[in-house]
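Chains: A, B, C and D, in written order; residue numbering restarts at 1 for each.
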Amino acid sequence: MPDPMRIRATEKDGIVDVKILMRHDMETGQRKDAAGKTVPAWFIQNLNVKAQGKDVFNAHFGSAISKDPFLNFKYKGSKGDKLTVSWLDTKGEKRVDELLVS
Amino acid sequence: MNQQRRNLLKSTAIFGLMASAGLISSAQAQEWSKAAFEGKSLDDVFKALNTSTPEKSGAISLNVPDIAENGAVVPIGLSTTLKAEQIAILVEKNPNTLVGQFYFPAGAEPFIATRIKMAQTSPVYFLVKAEGKWYMAAKEIKVTLGGCGG
Amino acid sequence: MKLRPIHFQRYLTCVALVFFTLNTQAQSTADEIAKYREMIADGNPSELYEMAGEELWKKPAGPKNATLEKCDLGMGPGIVDGAAARLPKYFKDTNRVQDLESRLMTCMETLQGISAQSVIDAKFGVGPKKDMDAIVAYVVTHSKGSKVNVSVKHPKEKMMYEMGKRAFNFQGGPYDFSCASCHSIPGRRIRLQDLPDITTPEGAISGWGYWPAYRVSSGQFWTMQQRINDCLRQQRLPFPIYGSDFTIALSMYMAQNANGGIIQTPGLKR
Amino acid sequence: MKPFKKISYGTYFLMSIIASFGLVTNSFAQVAVSDAAFTKMVRESFRAEGIAGLDRIEQDATQKLCSDTKFLMTKAGAKQAIEIQKQNMATIQQPSDGNYIGDWKSGEAIAQSGRGATWTDAKEVVVGGGCYNCHEINKKELSYGNIGPSLWNYGKNRGYSKELMTYTWNRINNSKAYNACSNMPRFAHFKLLTEKQIQDVMALLLDPNSPVNQ
């Protein structure tokens, strides 16, 4: 299973600031390995964030999002909201992490 | 290419599963646009987004460096007073022009910050879709490379 | 050829020299560089390694199915806070001076039954060394903001420092390079890459205090052992054995020169 | 180091190694580290990898002297440095075809490349001069190091005399002939660059048509 995400979510004045770090190599399909062989493309394609079960943010990535992707967005919410963050990559691997907004 | 296609098919299948499990809404699951992400020019991507060249807008404010110390990691940030429902980031001189798309369901603030790869110095286009219409802001980011060559 | 990014202060200097850029423009370029760095500092991917490391620290593993929670990094079993700031140091149980990674190998072997040789033999970034990266990230994060406080009391610590000083000046290979060739004069650089002068406290802390670090250019977390390994590779020397005394001696030399400086690990390097 | 073994002043050399050993021991007398202990540590700490064999940690007399920073400061050290310079001077061969100047364009490429000779390089990898790592050369290249002096307008500023040709040739071939502990690699001595490559780098610095001399 892929490594866990690092998620921070803090509420201030009714706005929740969410920062997400994902562990992923985000291979472009253009890089060559030490043996000179092309490393096939492999990257996160979809990111979904739900608060209390409702979509608050969606992202579609190409391979030009940096390795170990970082994402910061904001939504109108409250302390204690249950966030469910999930991503899915081009190989069909996925990762789901949850946390409560502080 | 075949492998990629297989992967895409596979991911579509898994998406179905995730969608039915409620992890990713079925509407979103279908939207990763192959045509847009495989576009090789601004025009390719504009076409895939169903727009002509978007109108420039002063309502889009950017938080981006003039110079990136490393093309592998270029931090970008955008906020807007437009009622954004969708944002797209395009790097003109990357092999694939479209870098990412971001969707803002009701309740989300029109703000995004992430890090992108840039193959070389290039204009970067920040597109915002509000009330069905696309707007944009653009900025050149310089990418510098050096090295010990070891 | 592997392209490496440029150091911007130097870039700035060049631009200023070559094109006689006005001071105000130069200042704004410097501001932009500062802005770039500030922007990437938010969300250092080292945090991902640190999280994985915390899990590995607390998860039973190895033939003995034990955790590392009783590992003695020098301040008593299980104490992680501030431990990395005091390494390398002399350990009575092994009767040698150890750096963080060699000490962790001792813990893995004695507590978990994982052979040190299996870690030594692994390639960087894979297998047991991948775990080591994460554990190192976890441990050094717990010394962030501490002052380097490396002991010079034990005769073996004194000896290791002197060995390190000689190792630092040791020339070899077809290029005649030693660490000192590049790191013993202030204000020097290779291409546009600044070279800290490790012989001074300021220079030593600017190196020692920022590694281990996440390297943006390679998208990898590098431990101090890997940092030293790649320096010696570029010196055209043979391969330094992981956790060998030569590498520990170099760490001891850097750490003692950096004594009193503030640790910023895990750093974020270009 | 291998290449030195091929040099014919072996006996003399061995003596100087032994001599320098003795002096090194003296200079480190105040600390507890003996030469034997240090050498043992070095030998136990490295292994061969790829093209980087363990012969690379066996120091020749030049490397041994220059590693001993304290001894270098002494009168005896300074005296030995002069000897070392003479030995290095003796290794230099003038161009076999009599030409000092090759193709500056190729010279620029050699000056740019910092590749080769590491354990991750295959032995077929052509070693670069890595000149820009340490020197400013063509001002168009902004990414240059400052460990060595600027070489911009090298020929133009100094004139294109026969003496300058020979001096520059010698310096690239074996910089230690002039400064025992110069930071510059001994490019011909360790066969890092071929004679042809050195002629091309020479052209970059000394061909009046080279962009360096505009």
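What we mean here is this: a contact is a pair of C-beta atoms (placed from the backbone, for glycine too) under 8 Å apart; a residue touches a chain by one contact, two chains touch by 3 or more.
Source: prediction; values computed, not measured.
Visitor: Could you say which chain's mean Cα position falls nearest to the mean Cα position of the entire protein shown?
Guide: The most central chain here turns out to be C.
Visitor: Pick out whichever of the two, A-C or A-B, is joined by more C-beta pairs in contact.
Guide: More C-beta contacts join the chains of A-B.
Visitor: Mind checking the centre-to-centre distance between subunit A and subunit B? Centres are C-alpha means, answer in whole Å.
Guide: 14
Visitor: Mind checking the centre-to-centre distance between subunit A and subunit D? Centres are C-alpha means, answer in whole Å.
Guide: 50
Visitor: Please work out the Cα centroid separation of subunit A and subunit C, and write it as a whole number of Å.
Guide: Taking the mean C-alpha position of each chain, the two centres sit 29 Å apart.
Visitor: Once you find the CA centre of subunit B and the CA centre of subunit D, what distance in Å lies between them?
Guide: One centre to the other, that is 50 Å.
Visitor: What positions in subunit C touch 2 or more of the other chains?
Guide: Residues 1, 6, 11, 190-193, 219, 233-234.
Visitor: Can you list the subunit A residues in contact with two or more other chains?
Guide: Counting only residues that touch two or more other chains, subunit A contributes 66-67, 70, 72.
Visitor: Going through subunit D residue by residue, note those that touch at least 2 other chains and give them in order.
Guide: Correct list: 113-115, 118, 120, 133, 143.
Visitor: Where on subunit A does subunit C make contact in their complex?
Guide: Residues in contact with subunit C: 3-6, 19, 21-23, 25, 66-68, 70, 72.
Visitor: Within their complex, state which residues of subunit C touch subunit D.
Guide: 1, 6, 11, 14-15, 18, 155, 158-159, 162-163, 166-167, 169-178, 180-182, 185, 187-193, 233-234, 236-241, 244-247, 249
Visitor: Name, in rising order, each residue of subunit D that touches subunit C in their complex.
Guide: 1, 3, 28, 31-33, 37-38, 41-42, 44-49, 52-54, 56-59, 62-64, 66-69, 113-115, 117-120, 132-134, 139, 142-147, 176, 183, 185-186, 190, 192
Visitor: Flag every residue of subunit B that touches subunit A in the complex, lowest number first.
Guide: Residue list for subunit B touching subunit A: 3-4, 7-8, 10-11, 13-15, 18, 22-25, 28-29, 31-33, 37, 72-74, 77, 91, 94-96, 98-105, 107-109, 111-118.
Visitor: In their complex, what parts of subunit C are in touch with subunit B?
Guide: Listed in rising order, the residues of subunit C that touch subunit B are 1-8, 11, 29, 32-33, 35-37, 39-40, 190-193, 216-217, 219, 233-234, 270.
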